[in-house]
Amino acid sequence: MAALTTPMVDKPLVIAGREFRSRLMVGTGKYASPAQMTEAIEASGAEVVTVAVRRVDLARRDAGNILNHLDPTRYFLLANTAGCYNADDAIRYARLGRAAGFNEWVKLEVIGDEGTLLPDTAGLIEATRVLAAEGFQVLAYTNDDLITALRLESAGAAAVMPLASPIGSGLGLLNPYAIRTIKTRLRVPVIVDAGVGTASDACVTMEQGVDGILMNTGIAAAGDPVRMANAMRLAVEAGRNAYLARRMPRREIAVPSSPVDGMLE
Amino acid sequence: MPTSTLVTIRLNGETRDVPMGWTLSTLLADLGLDARLIVVERNREIVRDRNAFDEVTLLDGDVLELVHFVGGG
Amino acid sequence: MAALTTPMVDKPLVIAGREFRSRLMVGTGKYASPAQMTEAIEASGAEVVTVAVRRVDLARRDAGNILNHLDPTRYFLLANTAGCYNADDAIRYARLGRAAGFNEWVKLEVIGDEGTLLPDTAGLIEATRVLAAEGFQVLAYTNDDLITALRLESAGAAAVMPLASPIGSGLGLLNPYAIRTIKTRLRVPVIVDAGVGTASDACVTMEQGVDGILMNTGIAAAGDPVRMANAMRLAVEAGRNAYLARRMPRREIAVPSSPVDGMLE
Amino acid sequence: MPTSTLVTIRLNGETRDVPMGWTLSTLLADLGLDARLIVVERNREIVRDRNAFDEVTLLDGDVLELVHFVGGG
Amino acid sequence: MAALTTPMVDKPLVIAGREFRSRLMVGTGKYASPAQMTEAIEASGAEVVTVAVRRVDLARRDAGNILNHLDPTRYFLLANTAGCYNADDAIRYARLGRAAGFNEWVKLEVIGDEGTLLPDTAGLIEATRVLAAEGFQVLAYTNDDLITALRLESAGAAAVMPLASPIGSGLGLLNPYAIRTIKTRLRVPVIVDAGVGTASDACVTMEQGVDGILMNTGIAAAGDPVRMANAMRLAVEAGRNAYLARRMPRREIAVPSSPVDGMLE
Amino acid sequence: MAALTTPMVDKPLVIAGREFRSRLMVGTGKYASPAQMTEAIEASGAEVVTVAVRRVDLARRDAGNILNHLDPTRYFLLANTAGCYNADDAIRYARLGRAAGFNEWVKLEVIGDEGTLLPDTAGLIEATRVLAAEGFQVLAYTNDDLITALRLESAGAAAVMPLASPIGSGLGLLNPYAIRTIKTRLRVPVIVDAGVGTASDACVTMEQGVDGILMNTGIAAAGDPVRMANAMRLAVEAGRNAYLARRMPRREIAVPSSPVDGMLE
Amino acid sequence: MPTSTLVTIRLNGETRDVPMGWTLSTLLADLGLDARLIVVERNREIVRDRNAFDEVTLLDGDVLELVHFVGGG
Amino acid sequence: MPTSTLVTIRLNGETRDVPMGWTLSTLLADLGLDARLIVVERNREIVRDRNAFDEVTLLDGDVLELVHFVGGG
């Protein structure tokens, strides 16, 4: 049926001048196998995929290299700075990621605490400033604090990535109000990153008006990651369209959907 | 092999002796690594130009980090 | 891309031996124009569409007849008994609907209260029994009470249709626990009917494991009904797939999605 | 026209006089309605067979309900 | 301090012409010991306590009799029909309870399903009608369906007792909208019964405007039942007063609580 | 009744070595009249009341001075730095407040944005460090970010005051998870400040285990502020006791509260 | 004691033989139960008047239920 | 009154001329303010000692802020 294959018209997602059709970005961690990862990413429809920068395990040579499984001409690789606990480390990892030669983008993480993986916002703002000045396109993973988001924008972030809930928690969108407020106030794109656990989390997040979602564990740790990737793709598109379509008002009284006149006697 | 012909480097967190005169290219070849997939940080500076790997000779005390992209979120 | 046009494999929805590919059913009321209705239904991907039985308005002749705008060879028409406040009226309307000649199905409503349009469950069970005995396939619109749902199944309902929230309210899924419990306990299909206000409502409803959703106002009263119909189609499919994929467990602690080893020194 | 040639029926809630001898088909034609899209209830019984519309003559006191499908949820 | 001991003025709770100062009613089941039960009930401030009607265990003689531990001149005993799965049984137990000689009241339960302990509303309405005609004051434990609540009122119930969530589940108030709607539409008192798991559940339930709450497991299964009984007493009073005080409007923008003028330069 | 006047034993709230019996702190802004304020504060049972530092309005002389209506020997005055948009201003106001001569405490606010009144955490941490070094007892109003809370503790805050939701919004506890996490990780007291709109908000906030709540608008903007103050007092005590009593586990199946044996035949 | 002097009753679900001529009061006393705390149902009818317990003689085939209040919610 | 006998100060954001020689105490008395309820900031420094209000003479160009506690949250 034509309707199923013709997506509704929407502006592309534009970050740092680059256009994307998909508003779902995915990570590449925690899959049972590279094959499962590849299939899930394909099912997700994502164009942007995140990767981590790590030492080569010399005992395994190239084995752990994600590029053995991901075609960098097909996917836009977004290196992250996961695991960095201060601005200096994050800057170092960002530079290493850039030196891989694919692009000048970085998903910037400066973690403040091991138990929650919440960002150290002071370090994050500082690293954003440094890296933006070096020509990086910084996508900054942050908490759901508006003020920090505004500071990141001022520091030169190309996109701001507030969390739905802590990384890997699957707790969903804990504070829709905060995310909605951030979206309303920023000019750069807002991509919600982390905490999305299932499709309805993705859907309700997009309904707040944000520009996209990045997720990893919600897909990789599902019972069937490939099917969940597909569900997430659909959910992001559903939530985006629902936002654009403007939902009906809530009413505390019922309103018939069938006519009240024309009843028989 | 007399010890005077070796240099001691730190490679991905481990101490290792390599023959004096080895370049980055020699090392990568010895490790079985594809230079195109690797980023090399030497003494905290990235060796940006992969074509220069032939010309960078390993010196005693060099600290090398060979990194690449792995799965992550 | 192949992934976008190949939907994930799922069992068809089977009600009374009849198979449907879409798990979204839609109403035909409250649209701004017949053209908008037609376009929205097409965008929804629905196969089953509900219609009401009403007197011909003699001053307008056939004008109000929905069949002027809906192709009954393309859509499966499901007559409802909306507006009926007792079992006898509902039975009368059901018979009139069947006499239209399309099928033996009825979306049975026996309303108990004008303000909330909540069902009169006693009348509903009675009408279900009578109509099932007459060979009807009864899809019974009911509240979210498990016991009533079990009684409807015993009375011969082909499907049970508990509400998410009152008709036309858009309040979403008020009691996921109740819906989940009903689904767990019934053998006949469970189609949630009424109250879905936006895509995430549809998505989270399907994630409870129910077999489908019927909606009208959530689409027709959106700012852009055609786009919302598309959103609802995607959301139902997303929620269904997320349910089948089995979501990740929720955790109150964060778990990194990038490796914790391989960090530089 | 003498009143004796009319019968009084109740049609969709309104009282109406129609010529004696009219059938359901005559009435529907007069109303401009397509019989295939209509269900007729006569004195609380559905006239199931549309082919019989020609043969059902309207009688004084008949209560008719002409119904069809309209938009609804 | 005077304020702490002078409760705010409120109308008493009146059921069937009888006045109560406390809006919290408590059960007597599931305590670790009779002493714990007695202490918890005292801490709850309840005047009405429910009891079950059961066979004397002849091996234990009077041992299980709750009256060994409860002073019937101090507490108003409300016999229940817990465990009854049809109207006849419930009527039989109600009559036995009345024959104990304390009062004509019954907390009427007609259970429809063992797994959820949800009420069989048809049997409940029937038993209410029979018992009300016999002069009972029927407090009917029901689900959160408005129509059933209206039918119970019509059948002569002295009070209607919708659930917050299933008996013993501790899931709290699953559907505040439904409870609020029931309260708005009934003339007889509405006492929420079952499902309250902690103090905030009790508080938010009272804020819907209902007349009182009955609970058992929420207190008896807490780590420290006596302290929880006290918490519940306070929470019911807090919720009641908050309802009467009419809460501030919610606003999606912040409003300073300190003056915005008079700042230094 | 004895039970009503004997509060359950609880450790006092201790901040900076000072003990308080009440865990509810209240503001003094936005009341219709000084008399209403005084009465509401008394009904709240609060010992700590916040005040703002502002220029004398020379046209009105002492008229606006809160000390005309509050007895500083009865209440512990906590000066705030509301209205300050950077660390320097906040430090200046804190010093002015201290110079009033009552105590060395300050409720420190460094606001980052006029629309949301959310804190500027960088400025807040800086001002905390400066003031703590000057001997102030700093109670720092902050967002619900754990990392910021940890930094404030390290900077010398005597208590950390995360928000429930924005000041004056009445949106309640938007992110219980975040607040619970902060409480778990900090050693200094955690007092939730701002956003509590009604009694159940206060109750559920205390159930997260925090040490206290500070509120203003939730009381002052209620229909009946004095009654709401009483409700808040009760709700804080209820939530505290429920936390200490350890709530029953939630169960998705029902569990009878009356015995299942001893039924008649 | 010859069996002819016993009657067989059903008491709280169990069959029991008691001496002919026993009244409810005799039975309750034998069971060690306080009549004031008990409700007696005999053959599906409640024996409302506790003062009548002395006068109700147990008959062969009687079905008795002795109930009381226990803890419940 | 010759202008030479006045000093110009900034008082709570407004420019004001006061007689030369006035102290803080004179000013507060003139304004009808109770010194015990007021905090005085003079040229960005708090005058901590209220007993010193008698001794602080107002000088031309002084910037004074008189503050007190008002209702706030």
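Chains: A, B, C, D, E, F, G and H, in written order; residue numbering restarts at 1 for each.
Rule of thumb we're sticking to: a contact is a pair of C-beta atoms (placed from the backbone, for glycine too) under 8 Å apart; a residue touches a chain by one contact, two chains touch by 3 or more.
Since we're looking at a predicted model, the values are computed, not measured.
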item	value
Partner chains that chain E and chain H have in common	F
Comparison of E-G and B-C (more C-beta pairs in contact)	E-G
Approximate Å spacing (C-alpha centroids) for the pair chain A, chain D	64
Length of the line joining the C-alpha centres of chain A and chain B, rounded to whole Å	35
Chain centre separation (chain B, chain E; CA means) in Å	75
Gap in Å, rounded to a whole number, between the CA centres of chain H and chain G	96
Chain H: positions in contact with at least two other chains	13, 41, 65, 67, 70-73
Sequence positions of chain F contacting 2 or more other chains	27, 29-30, 52, 54-55, 64, 80, 82, 92, 115-116, 118, 167-168, 171, 177, 181, 216-217, 220, 252, 256-259, 262, 264
Parts of chain E lying in touch with chain C, wherever the complex brings them together	112-113, 115-116, 118-122, 125, 143, 145-148, 150-151, 165, 171, 174-175, 177-178, 181, 185
Partner chain C, residues of chain A touching it in the complex	1, 3-5, 8, 27, 29-30, 42-43, 45, 52, 54-55, 57, 64, 80, 82-83, 89, 92-93, 115-118, 166-171, 197-200, 202-204, 207, 216-218, 220-225, 227-228, 230-235, 237-242, 244-264
Residues of chain F touching chain G in the complex	256-259, 262, 264-265
Chain B residues touching chain A - in the complex, by the definition given at the top	11-14, 31-34, 37-39, 41, 44, 46, 48, 65-73
Chain G partner contacts - residues on chain E that touch it in the complex	27-31, 37, 50-56, 58, 61-62, 64-67, 77, 79-80, 82, 92, 95-97, 99-100, 167-168, 194, 214-217, 220
